[in-house]
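Order of writing sets the chain letters: A, B, C and D. Residues in each chain are counted from 1.
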Amino acid sequence: MAILEVRDLKKSFGGLEVFAGVNISIEKDQIYGIIGTNGAGKTTLFNIICGVLRADQGSVLFNGEDISKKPTHKIAELGIGRCFQTVMPFKSMTPLENVRVARATAGKKNKEREKFSIDEIMEITNLTDKMHIKTQELSLPDKKNVEIARALACNPEIILFDEVSCGLSGEEIYSRMELMKKLSKMGITVVVVEHIMLFIKEICDQVSVLHSGKVICSGTPQEVARDAGVIEAYLGGKSNENIGS
Amino acid sequence: MEYTGLIQTILGGVGVGSVYALLGLAFALVFGKLKICSYMHGDLAILAAYLGYFIFTSIGLDPFLSLIVLIPIFFFIGYYIQVIFMKPFMSMEIWQGRYQAQIMVTWGLGMCIMAIEFIIWSGTYRMISVPYRNATLNFSNLTVPVVHLLSLGALLLIYLVLSLVLQKTDLGISFRACSVDRITAMLTGINYQKICAISFGISSAIAVVAGTFYALTHQITPAVGLELTFKGWVAVIIGGMGSLGGVILAGLLVGLVESLTSFFWIPALKEAVLFVGLLLLLIFRPGGLFKAK
Amino acid sequence: MKILEVNQLKTGYDPEVDVLRGLSFSIEEEECVAMVGANGAGKSTLMKTISGILKPKSGEIFYRGQRIDGMLPHEIVNLGIVQVPEEGGTFPNLTIEENLMISCRRKKAKMERQKNLELVYQSFPQLLAKKGQLAGSLSGGQRKMLSIGKAIMESPEMLLLDDISMGLAPKVVEDLYRMLKDLTLKMDIPVLIVEQIVEIALDFAQRGYVMTQGEIVLEGSSAALLDTEAVQKIYIGT
Amino acid sequence: MNLKKWVVSGVIAFILYMLFLRLTDAGFIANFIAYISLFVIAGQGWNLLGGYIGEISFGHAVFFGIGAYTVGLPVGYKLDINLLLLVLLGALMAGIFALIISYPLLRVQGFPFLVGTYGLGVVIRSIVVVTPALFATRGIFISTYSKNFTYPLIIGFAIAVVIFVQWLVNQDLGLRFKAVRDVPTAARMIGINIYKTKASAFVIGAMLTGLAGGLFALYGGFVNPSACFGDNTSIFILLGPYIGGIGSVLGALFGSTIVIILQEVARSVITVNGGHYLMVGALLVVVMMLSKEGIYPGIVKLVKKIKNAYQKRQGE
């Protein structure tokens, strides 16, 4: 059974239609990629899943339960964690406090799913030696780590990553990839929004391509990379050599 | 008899309300569009009232004539307050940063203005005793104070002029441009900070008018400034955060609520009733009564 | 002569983190230059810094020999450097005509107002048909046209185009670039273009720079860049 | 945990004050310190909401007044209840009232909240003033304990409150406050119920302010609407933490002290009634222009800067 399912989602801002009926179904323990050009509505999709925005139509099912009307903090308690594209750690607190507060709220509500202790979280996110420095004084990659750590502390079943690679260098991106693989092995479903094809291709089991308000293609990364519609949307219809490398 | 009394009260309420509406208009202009928060316009209004009083008692100039001098002076005061005290905060994020800082700075300035008024004129109640202060127009058995009619007229005039400026002139179009997207406005070549300063100047000038009319209908004391500020803000909240027309209706409503409470109940409770109304509004319609489009 | 010269530019939103880490490049007369790179490489930050929206932490920007870093955005527009921004770019609460008229801030632009207006309406006939309507009622592609139209109304002496294709359907993007090409040919001015679709950008420009992590890692003629494997690799991220 | 340090310094401060009290026989300064302490307690209560949640309240005098009147009213009606018990009850009453009033008020945020709390102050004051059953404007005299008991009591409470707040903001609940202030969206996404969190800060803060009010009744032996529910009280409760350093326990402590001292100094320098606001207003403007976060964080930053510059020079 799908762990997260988006059914016939419609949303428009003012006159601008962002989603014209989006369907996505994510299986458990997968690494699922959602790609699309800038402005395709990837972040909006995450916002709707998390309950920050309300859809105009359609529903979001988590473990078969409709969560599209639930308040955000309830959705978090059910086990959906999230990292933002523009980093938003609690900047006046230390990384440790960031993790502690998450553990004390959403993490407390689903203790049975606890996979990592706080110490382990600090370790896998490389924050052990920085955990007493105020977050606002950390560098961007570290701030991203704080967000990942905070999401993990909620004991989620599924984590949504929004443009993790944004602003990171190759090596840093690589370590994130490793971390995601590790999480999915531990039984946490990972959803990645990206626009860098290679990143998706490397780690994802399933990919959906979001373009002008619709999912234009779904499947394994290899299938998607060969899809003519995707190539046109992504590269302006010239060639597919960029994907190949 | 009771009936005419009620009508009389309503008219009085609308008359007083027009002062609140003017202040609300001053706030809504800078807050609703440019997201500048001020807590000193009540004090500016009272300062203008005192200056009008001073000019009247020393050289006998009618307060309406002194407006000709006071309006440009206060425009520049407002302009430079924005440039000196508000500009450093304009780049901060809206609440937490910008609004809080601006509220505190303007409130501090307002406090200074109030203290200076205390020092110069002391806390005793003053009034500008112009000959037409108690003049009335009579319609059958209704008596309407001339000053109320004048303030209502001034309110409408200012509103019309403002809407016209906003719709037709380059300044108005730039202002509307700045209000939706300040980055794009800058990239279009509009001097954002200057537009802000001019708007703050205009809103200060409106406060002068409000203060003058307040002084003609009430006795003034320095401590009233903060009260007026808050009533202006109540008008803004009820009016739906920045629609100019809504603020005017809301300001008149505030005046009406106050005078009706005095009429039917205890005058000392008029403000309490007003704020209870505000709290109820926050429960049922947090967005305001007359929502901005 | 160098029209635009950027020297060791450092910019960032946080005091500790630099988005641009000492960037240098230049644009020659009547040249169209593309700046490509992945998301987060700092392209938009660069555009904002040139236009004066962001203050650089260090480094210099020269425009025709005049130092412009530290100048206010409207002063930079007055010099003739006009940007079509990635987001926004139009005022949805103003009509299309007002949007265009408000963009004549420079003296030269005021004199050429009628001529420019004709040029805009001629290039984008869709705008003429809707000129009395609010810009908020336009579709995404039309908004971009209006945004470009606004830049033209300013009689630009240098054009900065930031990610025109963002959020638009491929067909619209293609049309848009065709119109742009005509326009820039007519106006004969240098253009700096930032674009996430590499091919379009390099097709449009004669020369290109590749950015990653706030630094320029590669430069060359468009044709050469398109051929290099490195570009594809860098663009893709690892 | 450095809470120990706080407790130790608190105890030392208390002992010093007691020594001082013995040596000077409860003179003006001892009195003044007790007066400041009242505002320190109230200011810490305000700071929980204003500093740690980020909602500015302009009406904390309401809770101050409720605390004071809970002590005063039974005395006024000649009921014989232990005054200390009443002080604690006053804090509780303030908390309960805050819980009720948080329902409409916390539905809005930002400056409608500010205007709403100001309005609340006006409403409650007006009601007290016109209600004979609440002794209207006459006020109530309370035959209170001797100074030698109330002063140490107030100081003791002040120290306890400061330590309590310092402890609280490092608990899970306190971290939640800061999370809501820093990034509300992210806070919701880790399962924090924003309304509940804000309400708990509001209620706990109101209780502390109510406590200050109750102690004020013991301290002055007199309660009346203008002293307890007045705008002035709200203003000085607010200004202390704001000027001192919003969202920091030490900052609020310093701020309340500075503001109350400055106010007294200003009153003696500018003798015209109301003129002392000139200095208070000027201080507020100067602090905001120089350091947006308040005096204490500003000084900390400055010291850090100087230290860094010094180390740099040393390094060269």
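Everything that follows uses one rule, which is that a contact is a pair of C-beta atoms (placed from the backbone, for glycine too) under 8 Å apart; a residue touches a chain by one contact, two chains touch by 3 or more.
Since the structure is predicted, the reported quantities are computational estimates derived from the model, not experimental observations.
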Counting C-beta pairs in contact, pick out the pair of chains that comes out on top. B-D
Greatest centre-to-centre gap (Cα means) from chain A is with chain B
So the centre of each chain is just the mean of its C-alpha atoms; given that, what is the distance between chain B and chain C in Å? 43
For chain B and chain D, what's the span in angstrom between their mean Cα positions? 31
For chain C paired with chain D, centre-to-centre distance based on mean C-alpha positions, whole Å: 53
Two or more other chains are touched by the chain C residues 92
Give every residue of chain B touching chain C within the complex, in rising order. 170, 173-174, 176-177, 179-181, 183-193
Counting only contacts in the complex, chain D reaches chain B at residues 54, 56, 103-105, 107-112, 114-116, 118-120, 122-123, 126-127, 129-130, 181, 231, 242, 270, 272-285, 288-289, 292
Within the complex, chain D is touched by chain A residues 50-52, 71-74, 76-77, 81-82, 84, 88-93, 97, 100-102, 104-107, 109, 147, 150-151, 153-154
Sites on chain D touched by chain A in the complex: 172, 175-176, 178-179, 181-183, 185-194, 247
Help me check something: in the complex, which residues belonging to chain C touch chain B? 51-53, 72-74, 77-78, 82-83, 85, 88-94, 98, 101-103, 105-106, 150, 154
